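The structures considered in this document are given below.
Look at the two complexes coming up: subunit A is in both, with subunit B in one and subunit C in the other.
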Partner chain A sequence: MSTQLPEVEVLTDFAVREHRSLWLDAWRRLKASRTAMLGLVIVAVFLLSAVGAHFFWNYDPKMDLDYNAKLRAPNLVSTPEKPTIHIFGTDKLGRDIFTRVVHGGWNSLRVGLVAVGISLIIGCLLGLFAGFFESFDMNFKEKLVLMSGLGLALGLLPAWIARQWFQVLLFGGLGAASVLLEKKLAHFKLTRLLFALAGMLLGGVSGLLVAPLVGLVCAVVGLMIGILLAKPVNGKAFSSITMRIMDIILSFPSYLLAIAIVAFLGPGLEKGMIAIGVVGIPIYARLARSAVLSVSQKEYVLASQSVGEGHGRILFKHVLPNILSPIIVQATMGLASAILSAAALGFLGLGAIPPEPEWGAMLGDSYKFLSSGAWWAVLFPGLAIVFSVLGFNLLGDGLRDALDPKMRAK
Partner chain B sequence: MEPLMRISDLKTRFHTQDGIVHAVNGISYDMHVGEVLGVVGESGCGKSVHALSILRLIPIPPGEIEAQEVWFAGRDLLKLNDSEIRQVRGREIAMVFQDPMSSLNPVYTVGFQISEALMLHKGMNKKQARERALELLNLVGIPEARKRLDNYPHQFSGGMRQRAMIAMALSCEPKLLIADEPTTALDVTIQAQIIELVIRLQEELGMAVMWITHDLGIVAEMAKNINVMYAGFIIERGSVHDIYHQTRHPYTLGLLGSLPSIDEAPGTKLISIPGLPPDLIGLPQGCPFFARCAFRAERCRLERPVLEEAGSPGHTVACWRWQEIDAEKLRKAVGGAL
Partner chain C sequence: MAKYILRRLISVIPTLIGVTLVIFLFQRLIPGDPAVAMLGEHATEENVARIREQFGLNRPAFLDRDALVEGDLPGFFDSQYVRYFSRLLRFDLGDSIHRRIPVAQTLKERFPATLELALLSMFIALLVGIPIGIASASRRNSWLDGTTMIGSLLGVSIPIFWLGIMEIMLFSVFLKWLPSGSRLSPGVSITPVTNLLLLDSLLTGNFAGFWDALKHIIMPAVALATIPTAIITRMTRSSMLDVLQEDYIRTASAKGLSERVVLYRHALKNAFLPVITIIGIQAGSLLAGAVLTETIFSWPGIGKWVYDSILGRDYPIVQGVTLLIAIIFLLVNLLVDISYALLDPRISYD
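Right, the complex of A and B next:
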């Protein structure tokens, strides 16, 4: 009988485990969720087909006409009467719906991505700054940048009235002056009056070069800008002004606002992107701000300050990475709603300009033929919208679970 | 000898909706090179706020810092501009915070966070900083430091995180380390290890340490001098021996008396200080400890006591009646109330 040595068990520190990063961890959890993977597959199919169609499948919507094959039901085999195969049928001009759905995907997804990109970048930056400067006061440089930027932006109005673009620079300078002179004018009671007069002079004199009436109008506008620019705003004021503007945008029904913006800019896919993007800004701004507010109170932010890091580093290196996960989730969900909004604009004829294929516009083109039994002309673009939105929503849901820190232990 | 740091009449206030909170009310003291100073007091007595004020880490507004001077290594910290004070933070005065669970950023590796300060202040490149971070982790006694460099904070235990924080604080060889209750969130064995570590490092590196705590036991072990704070005032200051054996302020007596001791005869009652610290918005006109003091007199209500030398050199106390006070009397005075 041989004595068996007990197997040596290697003890490891329980805290030492396989080294993996946050994102790798999240990816593992995402992979484990079936619905999220379904969403990912749907999204991937749409993205690949849209990108593939755009680059490798030539399609000229202007030349696509076939009066012999108007409103044909889907046919999968070639017959003598119907020699061409249309798996999704054809629309009122005899265009193949399958081709248009695939190519329309490029337009719809592009609108979604660009619109979300616009609202994500602008909204996040606004939210980041608003949240950050709620707890940290602005230093001199930041105030200088903010006030001159504000001056430049406000200066656009008199500059546009007088068609003198150099006025923008004048008012930008006035904004900078209010910061530069802040200390010197601290005990001067009539700062507002001084800046009102300065603004009035700047606008009035340059306006007079054009015409007396223009000079008068510019003087009035300049006076008001002067009053606004007189006192540099502090962090709290900047935050609340930004967020109130966001509230104003949010108070409009989003579709109505998007339609109004497109009506102002004129129809077209690019205009649609801007409109949908602008409408989405406040959502990201609010989300980012609230996340920044809670992260700013964390001790590691204080710790990074105590190591001597500046505002920029703290904000972008320590705060931003910690608020990314809710923003990523919101952006994925936002893609779904941006695609829906794009379709809605297209349906109303405000998105893509006609022969250009776009899912919403295809619906708008064909719904009149439903009563004549042409269900395919509406069904397929409709399904494309439904599935792409579903895909992004499922993916977003999955991401929310995957990125939730409370789930991290699993 | 020129002190390392001289604080004169430091006041920190917060402007809130309910009124002005007087968190620190004119404290003055010197710290010398290599000195270990304990700052003790109960929650809300201004210990942490005064430390944060030195580094100007108080958000302004709502905060407001005012002082005759906060002299540190040849210049007044309150007169520095933004980028100059940032050069002081981390490089000359470093800080360790209370909660090791949240003082490391969860999205970066520990090694990266230690090297960050080095790259910022010492202009090291990534590789040098990483090597130095490794040395530092070894210095603070983290086993298998090379592996641990690439760990995320959640893979560290609380004690290890605090060690990592100390490594981070020491990275630029500061002249002064401010430790703001660094062991409060840790259990007793880890606490002892951390204290030992800081004492060892202090001796090796010769830096000054300000140890903020509410635990008188800890400071007795390590500090040379002690500031006892109450309601934003320093009410007693002296060497460890003075504070423990020649206690002059009734509040300090109360604090010491509230600690159980192994040497005491069984049945000895602990002293408890009745009442609560005063509201920092409306401080009493006289002594801030008046309402809770067993030795109070009419003068204490009307006039605020100032720090005066009591007995031995360097031992100061802010009490009108310090000469009449000792532990026995206090025990008798509060004994009846227990």
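Right, the complex of A and C next:
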């Protein structure tokens, strides 16, 4: 007995594509690019070898010394005269260069990562806020925080001059007052004069308690602060002040500034990280700001604003995820240039303190022995720098193509 | 137009003051007492006191609030920063700690060497970068284009100091073709006119001197030129690719103009603006890169001088050179902005 079962028809709607997330899409494009995968492999090899060496391969640079084996050319097989194998040769103190290159990776890559971390976090936050408040009006609470903060900060000057720290609070209050009274004074023409007088009195009277001249100076400073605080500043002013400060940092060629900072701080890996990190802040601030400016006019942001979402939620749930891709690309490229800067610092003797291994410092140590023909002592640490930097650059290039298909053509 | 230039000039002033502030603050980064740092740890107390007096280190950094309490208004403004700034206005960069010579004087002597190196590097970068960029844009996805892209990526990945070392190893140590340091061989002299040796030797018709100077400068100039060359190549290529997709390029080819004319007369002119910006940015990094290149090649310019001063902890020199390079960087970028407005009529001046 057989019954004819109705054929189950599998419906395939070719118009509906299977759902793929943006990141999965990007990953597929990245995988398809041979150069990007090469970059990824290089980066992975360097990261794994550096981390592996640091945790699982004991090496004490202070004890590593063998004058009998100094400046030996690379040998791959063990011979009676040269029993130990040094595939990269040895340096001026008879240290195995291969060991030091692998261990040096930990220091060199760490400097790059921490430095980029510093510039990424600070720069992005500054750029996010600058761009956001340039395109959205601040609400009452934000204005209140900004103006009292500004009042407190400006109040530091007269407070410091007169050694009266309560003045900080007075000017903070003046800043808050300008927000609180904004509506009431909207039609009052002499607001600036009123605040100037108030500032002059606040500074002058408290300054007079110390000395007459202190009172005079504090009155003048208070007058100026009063004028500044009279009208609540808007987001545009905040943004342009932030960007002006960034411009000042950018007006130094970046690694010259890093070299100069460390020259004054004194050598050390941590100082190098901080210097390279600070110097990189403006790049991310500018990038984040311009990305926020372009995103914040998009319909989905306006929509979330019109349904009444808070500013914090809009900023971190709608704006931030949509500006991530240029920042990721920049951070990858930034890692490459941070490693280069770190190597430059090390080469000039401003990075790792000897005998700690670091690629740049190894080059700086060995290049003086060049005339004796010891090419291996400078070739291999240099190649390590070139390949790690190249890896991050290849990966960054590939990421840009993968994350922004419109740019792919270039 | 004049108004635009004037406004751009004025807008540089606050940045310039900010730059002097940053450089002044360097001094505060020195751990411990700067006077002791200058003299070394075994300095006598009188010497330390003398240095503190001489450099104004006994004055407060920005404002003297104690003077105010005593009723001394001018004293209120008599601070280290104000003194530093007013000295700068008189082109006084302070004295070298070790040699007690004005920093500005040595700067004037050593700057031409760096300038010559930077100019030649920029010349090489433009000479190589722009034609290759154009060629690889016009033959997109060819083997030439692929090689160019990989080459330019490699160019920004090589540390210039390592490239310099490798050059010395190959051409000076093993092949012995080129000298590894300084500007001239001993015994060769060139009558100074501009202090740019290549130019001076040509001006005075001293061809032996020119050849010698060229042999000395070529290795450091090539090392210094790698990064700008790579970046200018990339920028020219991508800017040309943009322009080549425009309608007027298709029109130009459609009406039968040769590829050469289309590329150089129609495309390049329009593709050049972003390249100029990059040239401006690279000018600053060339001067900064000179610190590394000059160190390796013992080039007697300001870069080597800074390196020696960092090792000798001669802080006024480091401050002076950093300030000079930052100012040049600012001015070059100002020129780029202005030339941008001159070249592109679409940019409004107001």
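By definition in this document, the second predicted complex is superposed on the first by the 296 of 410 C-alpha atoms of A that agree within 3 Å, B and C clash if a C-alpha of one lies under 4 Å from a C-alpha of the other, contacts with A are read in each partner's own complex, and residues count from 1 in each chain.
In this section, a residue touches a chain if its C-beta (ideal position, glycine included) is under 8 Å from a C-beta of that chain, and two chains touch if they have at least 3 such contacts.
This one's a predicted model, so the numbers in the text were calculated from it and none came from an experiment.
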item	value
Touching partner for A:Leu370 - first (subunit B), second (subunit C), both, neither	second
First (subunit B), second (subunit C), both or neither touched by A:Tyr255	second
Partner chain(s) touched by A:Ser294 [first = subunit B, second = subunit C, both, neither]	neither
First, second, both or neither for A:Ser240, with subunit B first and subunit C second	neither
Which partner, subunit B or subunit C, touches more subunit A residues	C
First, second, both or neither for A:Asn68, with subunit B first and subunit C second	neither
First (subunit B), second (subunit C), both or neither touched by A:Thr84	neither
Subunit B contact footprint on subunit A (complex, rising order)	15-17, 19, 21-22, 135-137, 139-140, 234, 236, 298-300, 302-310, 318, 321-322, 405, 408
Subunit A residues touching subunit C - in the complex, by the definition given at the top	35, 160-163, 210-214, 217, 244-245, 247-249, 251-257, 259-261, 263-266, 336, 340, 343-344, 347-350, 360, 363, 367, 370-371, 373, 375, 378-379, 382, 385-386, 389-390, 393-394, 397, 409-410
In the complex with subunit A, residue positions of subunit C that touch it	14-15, 18-19, 22-23, 26-27, 29-31, 63, 65, 68-73, 76, 150, 153-154, 156-159, 161-162, 165-166, 168-169, 173-174, 238, 241-242, 284-285, 287-288, 291-292, 295-296, 306-307, 310-311, 315, 318-319, 322, 325-326, 329-330, 333
Of subunit B, residues touching subunit A in the complex	55, 57, 59-61, 82-83, 86-91, 94-95, 97-99, 102-108, 116-117, 120-121, 144, 147, 150-152, 154-157, 160, 165, 168
